[in-house]
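Each chain carries a letter (A, B, C and D) given by its place in the written order, and its residues are counted from 1.
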Amino acid sequence: MFFKRIETKGLAHYSYVLADGNQGIVIDPRRDVDVYLDLAKENSFQIKYVLETHRNEDYVVGSTKIASLTSAEIYHADRELDYKYGNELKEGKRYKFGGYEIKAINTPGHTPDSFSFVLYNKEDEPWMVFTGDVLFAGDVGRVDFLGEDMIEEMAGRLYDSIYGKILPLGDEVLLWPAHGTGSACGSKIADRKWTTIGLEKKLNHQLNYERRDSFIKEVAEMRDKPNYFKKMEKINLEDNSQKDIPFIEPLTPPEFEEISQKDDTVILDTRKETAFAAAHIGDSLFIWEDRLAKFAGWFLPLDKKILLVSDNNYPQSELETLYRMGFDNLGGYLKGDLLSWHMTGRKSEAVNMVNVTTACSIIDKRDVAYLLDVRKEKELEKGGKILGADNIPLQQLPDNTVDIPEDKEIYIFCSSGVRSMIAASLLRKKGYHKLNVILGGIQNWNSKSCPLEK
Amino acid sequence: MFFKRIETKGLAHYSYVLADGNQGIVIDPRRDVDVYLDLAKENSFQIKYVLETHRNEDYVVGSTKIASLTSAEIYHADRELDYKYGNELKEGKRYKFGGYEIKAINTPGHTPDSFSFVLYNKEDEPWMVFTGDVLFAGDVGRVDFLGEDMIEEMAGRLYDSIYGKILPLGDEVLLWPAHGTGSACGSKIADRKWTTIGLEKKLNHQLNYERRDSFIKEVAEMRDKPNYFKKMEKINLEDNSQKDIPFIEPLTPPEFEEISQKDDTVILDTRKETAFAAAHIGDSLFIWEDRLAKFAGWFLPLDKKILLVSDNNYPQSELETLYRMGFDNLGGYLKGDLLSWHMTGRKSEAVNMVNVTTACSIIDKRDVAYLLDVRKEKELEKGGKILGADNIPLQQLPDNTVDIPEDKEIYIFCSSGVRSMIAASLLRKKGYHKLNVILGGIQNWNSKSCPLEK
Amino acid sequence: MFFKRIETKGLAHYSYVLADGNQGIVIDPRRDVDVYLDLAKENSFQIKYVLETHRNEDYVVGSTKIASLTSAEIYHADRELDYKYGNELKEGKRYKFGGYEIKAINTPGHTPDSFSFVLYNKEDEPWMVFTGDVLFAGDVGRVDFLGEDMIEEMAGRLYDSIYGKILPLGDEVLLWPAHGTGSACGSKIADRKWTTIGLEKKLNHQLNYERRDSFIKEVAEMRDKPNYFKKMEKINLEDNSQKDIPFIEPLTPPEFEEISQKDDTVILDTRKETAFAAAHIGDSLFIWEDRLAKFAGWFLPLDKKILLVSDNNYPQSELETLYRMGFDNLGGYLKGDLLSWHMTGRKSEAVNMVNVTTACSIIDKRDVAYLLDVRKEKELEKGGKILGADNIPLQQLPDNTVDIPEDKEIYIFCSSGVRSMIAASLLRKKGYHKLNVILGGIQNWNSKSCPLEK
Amino acid sequence: MFFKRIETKGLAHYSYVLADGNQGIVIDPRRDVDVYLDLAKENSFQIKYVLETHRNEDYVVGSTKIASLTSAEIYHADRELDYKYGNELKEGKRYKFGGYEIKAINTPGHTPDSFSFVLYNKEDEPWMVFTGDVLFAGDVGRVDFLGEDMIEEMAGRLYDSIYGKILPLGDEVLLWPAHGTGSACGSKIADRKWTTIGLEKKLNHQLNYERRDSFIKEVAEMRDKPNYFKKMEKINLEDNSQKDIPFIEPLTPPEFEEISQKDDTVILDTRKETAFAAAHIGDSLFIWEDRLAKFAGWFLPLDKKILLVSDNNYPQSELETLYRMGFDNLGGYLKGDLLSWHMTGRKSEAVNMVNVTTACSIIDKRDVAYLLDVRKEKELEKGGKILGADNIPLQQLPDNTVDIPEDKEIYIFCSSGVRSMIAASLLRKKGYHKLNVILGGIQNWNSKSCPLEK
């Protein structure tokens, strides 16, 4: 049997491909589907079925794209949702490929429609289970998508799915979820890409609760939700087979400037935080390429044309990430980096980067300095709180700048310096100019023994 | 300046990419255009113009595909033809990209609409000329497309174009034609991929004629024309941007057999001639992968669904060749080669391969043996004629089997054994069964001193 | 944590790479080590340790090669063996990389020195176990390497290792052996590349024995052992870091012929069985590229210079396989396949391929026809025995041709046709000429209901 | 005939591969020779000859490496030099490969031993000429290597070689030199990668001199010579086949810091100038990856262990460049960039980057500001001289810092900002700290109409 996990970096998304003889199955394909077709070519199989564990929120699913290019049939849970494609999964139905079978089992909780898929070997024993967003390594699916009112009910259904259907498959069964660590779909996901039901029973702290009510109490929690989730929920009911990853064109500095000055564009700068700090085009949104999947959904507008400034010769990796997240409105990229921008006599802006020793020395000068900490609350508990700093988590920054003074030097820090630089770019777009990012963030702070709150 | 020739094996087709700053030009793109977009990505340029030297006959042009993915403008000569896309080339007009310019010069002869393109360097001196099918290394364009009536007029116009417009550009100018050796567009094309006007004046025997009338006499010759040329001429007036290279599916022997038994299919076997000889599925058309571009246009029907038997794990290279030639009707490929076919208890057929010594010994037994030579007439003149053999050039074989006896052993040879095997597969499809291919063809014959006609 | 299995096709060998932070471990590396260095580059880690589960018999291990290029330390069990490199593994010792540890546990049985490696996660629970040749998916290690005298003792030690040390790690622990299905190191290995201790307890029939003596009875079996095992056992005690995969040169037919006629060469033809059947150079050994790792150790001499005839443009995949198996004596390859051979007037030989219907019709004609079945005994039990056929398993054929008649037509079959063709090439080298291979082998036979013995 | 130019970016070096039948030739191979072997594999040829146009000064030649892996014979001009390998080229001797021949012609001038190679086609007409460092597109070879005393004689010999032997080959002959624009071997080399003798006669301003004495007067000029040229001249007489491109290991910040504090190391930072400006490890030498081949020979010590800070995940491209230039002493690279450096509480330094408007405003404040222009003299003539700036060309900076004040703010500029940043890193290593680089350099200056000297 052929089996392969396809990992999509950034989104921390896992899709799966299984095949036997000349028949294969793809579970939860991402939007750019060449990777699945290439496997089918190399290993000589047809894609017989595309199975979706649930209607996804965090990326555009590639099912219809695959179906448009092959003879594959799509199956998903379609209960009340108004799907424009595919067929309905049925509880207990088996999907045969070559000499193997996959059984669909309904495991609601994360969403009402979630399914898991159990692979049976030729002796008809459960071998692997694909749990989608229901059960991860080290975490369980979030249950807050139907809102505060439904959260406890969903947590209860999740308990029933996990304890009633998945765990009983056996300790020895391999477990393959839809996400790994770093995903927006689970904050506690462990760095354990290869796991089994037995390992999760031992190591997943969310499974420490024997009683249903304790489990509910633990997991029924409202979480952050990026803006674009709404769009994904809509788009994933539709046929998305038409668009490919766009080819975009390099722009000379004058061309770039001309287009960027139109109202409907946003400049996205994906270079490293140091490069952005040294020089960037005014009014750019900074999100480092490596964090694009994590933060684009929060800060990148869906209705504006995106202009890219990238460290890459051609911003292919940015285009892939944006495509997977449904940002299809690209307008070009700056040819030759900031170097060409400067060489044609254009101005840039900078963000000051300061070492911790400098930062420490200004803590007491509260009349001229304002300290902004953009970490999450839970990080503060773990990592320590800096004396006198205001805490506004990055995700909430755009709507909470009222109390940030415009006349003081603003010192921003997080755990490394990357989120701080995003914050700096957001604040600059709001008109702030005295911006400083603290190098290395809180880690650095601690290591220099600058004072922390007790 | 960026410059690159894109060579398409099989078709022996050359397209060209030029770029400077962030602007580029593509001349005569093939249908699968990723190669051009990839160059644009790597070298950071927009494709500003797509230029066509003429309406092509031997492959599907990729102009509309490029235009659908970029902001490129297409230019071609459109005089009387009913183009559904693009703009008209104008004599002497210059197309600027970065700091360079390309000038279009009308050079009719091969077709009435043929253009050549002259690249000027920054000192405004001619640097390179792109001659399409007008002037090749070692050959000139064929002039028979408008028929016997027009052939002398076209040859005259070709003389005027070459002697009046191209050669005067200067001996030092680099010359880049649209085809290399092996193309159906020029039978005398030399193995001289890098050439100049001066080298052609010295080495190209078609340019030995000072007098217009001698030149006309030499080149005004009707030549073979594969069936699919007609389709290409039509398709290249249309927007061909919709279809991509198809993804096709592996078929198990029973699936393959079932589909192949339907009336509307043809089995195309692209394995090496030895493998085909040893065992092939009955009624297959043999064209070795390496010769597919050369012979598919002659023997592969345009209106049937093609089923592939290939030596490749996935027949990507065959699909590319067929796509470039407009064969879009693919039905799948046999998974696991003839091995799987046999292992599921299916029958195959064979063609006998004989050494020359054996073949020599049967020359006199004309009562039981029939010798068939499928080489072209000109090859006979050069390579020698075998005593007692009938000559039917391969391209004419399908329509000329009347005199081939069904009751005798048929011994087929060419210059190597490849065309003979194509002939054997064609004859088998016509009902012949006593088929033998002579190993190594005429070369082998000579080397064994079997008797040749004087 | 980074983790990756490296699968070496042909040998069905698995090596493993683990890394965390900037430190990594490689377990049982193959000889061509670029794959490990490339992973180290991509994922930014040093190779801190190379661990060997035991002294390997079926391939050249790449430990010293890695150590010569990096700062890696090698560990192996070296008890009585005279290793020229590396350090000694200690029972229970832990090897730290980044935040993780691997514990070495001595698990003799397959060899006296076999070790397994247990990966502990950060909570210090067993997560994965690397069992080398001790425990496979569906099989256990062979115990016959010390000879008949020691076989029961070794089987007992294997029982103690598996039941006493490996299985108790827990059902949920992932199990990664050194070989997959197709390896010479385990005949019953299952097609189950992802497995756990719990799955093996359920599905591995060799683990059905609760009692030590029953287990011993089952597994204490002498098995086939290719010639080159002896050389591997010696070579794997030495420093093998000097040689790289050789670059070999294309030979024209005259050059090839000249070299091949010297005494110390062997022609190895790796094309498909159909191509070999149709035409091959006299006195060639046929082993299809896909089966090279399986049969080269049996039939390819270690002391002759190897000349290749391949379907590949350059025989890179053959060179890799031969390199991994310690065949370093290469002499070049034929440029242009048999086509060039024939075109220069050279002779070839053929093996007749016959359909089953033909074969059936000659079963009774024992005066002119001899039926040779080259399958293994166990296959005969499973697949059925053909009436009147002699059985000489392929591996034993070279030493058992005495009773094969030279004057009769020899009809050879196996389960597909591939081993039959190897047999045909072996017989031809012994002087037999009336050779016929039955297409599709026994499968085909059955499907045509030719008579089988009862 | 197969023909391919291999372009080595950075060095702007061209080597050439020609092949016919199964025989090929490589001219002036670079040190990492896989590219040539891969071509030999793809196109099925032996490398019969390696030809060197002269003993190279600017890179390590790969001849002995090729010879150690193949059966190739090396030819070079060895007159008085003490070569440890290879055979002597002879004036007029022809080197045959397949159906073609290359003739060696002695063309001294750049060095006393320089040869050019003329490719003859099958009609025995000159087709291409490979001119090494004798004649480039737009330039001729430098003649200053034997020192001031010999410069006029060498210029005269160059005249004789070019006018007496190369130009007479014919306008139509293709010309392939050993370097392109950007090379240290020719400052006027034109952006004309495809050229002919006729084009050079028209466009190469160095060929405007009919009289020998005028030519000598023009080209007899002493030029800059990087330190490592001396080492290359020595190394290129030896057998360099032993070393491969090294594999180097990622270092954590503490590991990196520990090693870098030892006396014998140098930190080489190859990130973009903006990233370096924002934060770098103290005492680093900055040379942007894209300019490494251009400046490493000037500023990188040959006797220290090199530690890399790179924007690349693994600094493969830096390693290749350094390997080609003979820098074999690598000590590792920083894992995780400056981000990891900062996150472990380590300090960094910065260089201030200023916009031109700011820079202009300080021109008059000569008491606190010092303007340093690191462009070459000829650039000043062309681009204009800034009022009040001191000019110290970058290459001469390390030995000319006496007059640079330590107490003033130093404003450095060049034509873009890249060389200025190299200068800043050199000055910092000398103890200067008030460093500012002007964004976009002189281009920017002009465009802002800051005052230039008249």
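Please note the rule applied: contacts are C-beta pairs under 8 Å (C-beta built on N, C-alpha and C of every residue); 3 or more make two chains touch, one makes a residue touch a chain.
Fair warning: this is a prediction, and the values are worked out from it, not measured in the lab.
*Asks:* Using direct touches as single steps, what is the fewest number of steps from subunit A over to subunit C?
*Replies:* 1
*Asks:* For the interfaces A-B and B-C, which has the higher count of C-beta pairs in contact?
*Replies:* Of A-B and B-C, more C-beta pairs in contact link B-C.
*Asks:* Measure off the straight-line distance from the CA centroid of subunit A to the CA centroid of subunit B, and report it in whole Å.
*Replies:* 49
*Asks:* Measuring centre to centre with CA averages, how many angstrom lie between subunit B and subunit C?
*Replies:* Taking the mean C-alpha position of each chain, the two centres sit 44 Å apart.
*Asks:* If I count partner chains per residue in subunit D, which residues reach a count of at least 2?
*Replies:* none
*Asks:* How about subunit D: which of its residues touch subunit C in the complex?
*Replies:* The touching residues are 21-22, 37, 40-42, 44-46, 69-71, 247, 249-252, 255, 313-314, 316, 335-336.
*Asks:* Would you tell me which residues of subunit A are touching subunit C in their complex?
*Replies:* Touch residues, subunit A against subunit C: 1, 3, 121, 123, 125, 127-128, 170-174, 191-194, 196-199, 201-203.
*Asks:* In the complex, go through subunit C and note every residue touching subunit B.
*Replies:* 271-275, 277-279, 311, 337-339, 341-348, 350, 353, 355-357, 415-418, 439-441, 443-444, 446-448
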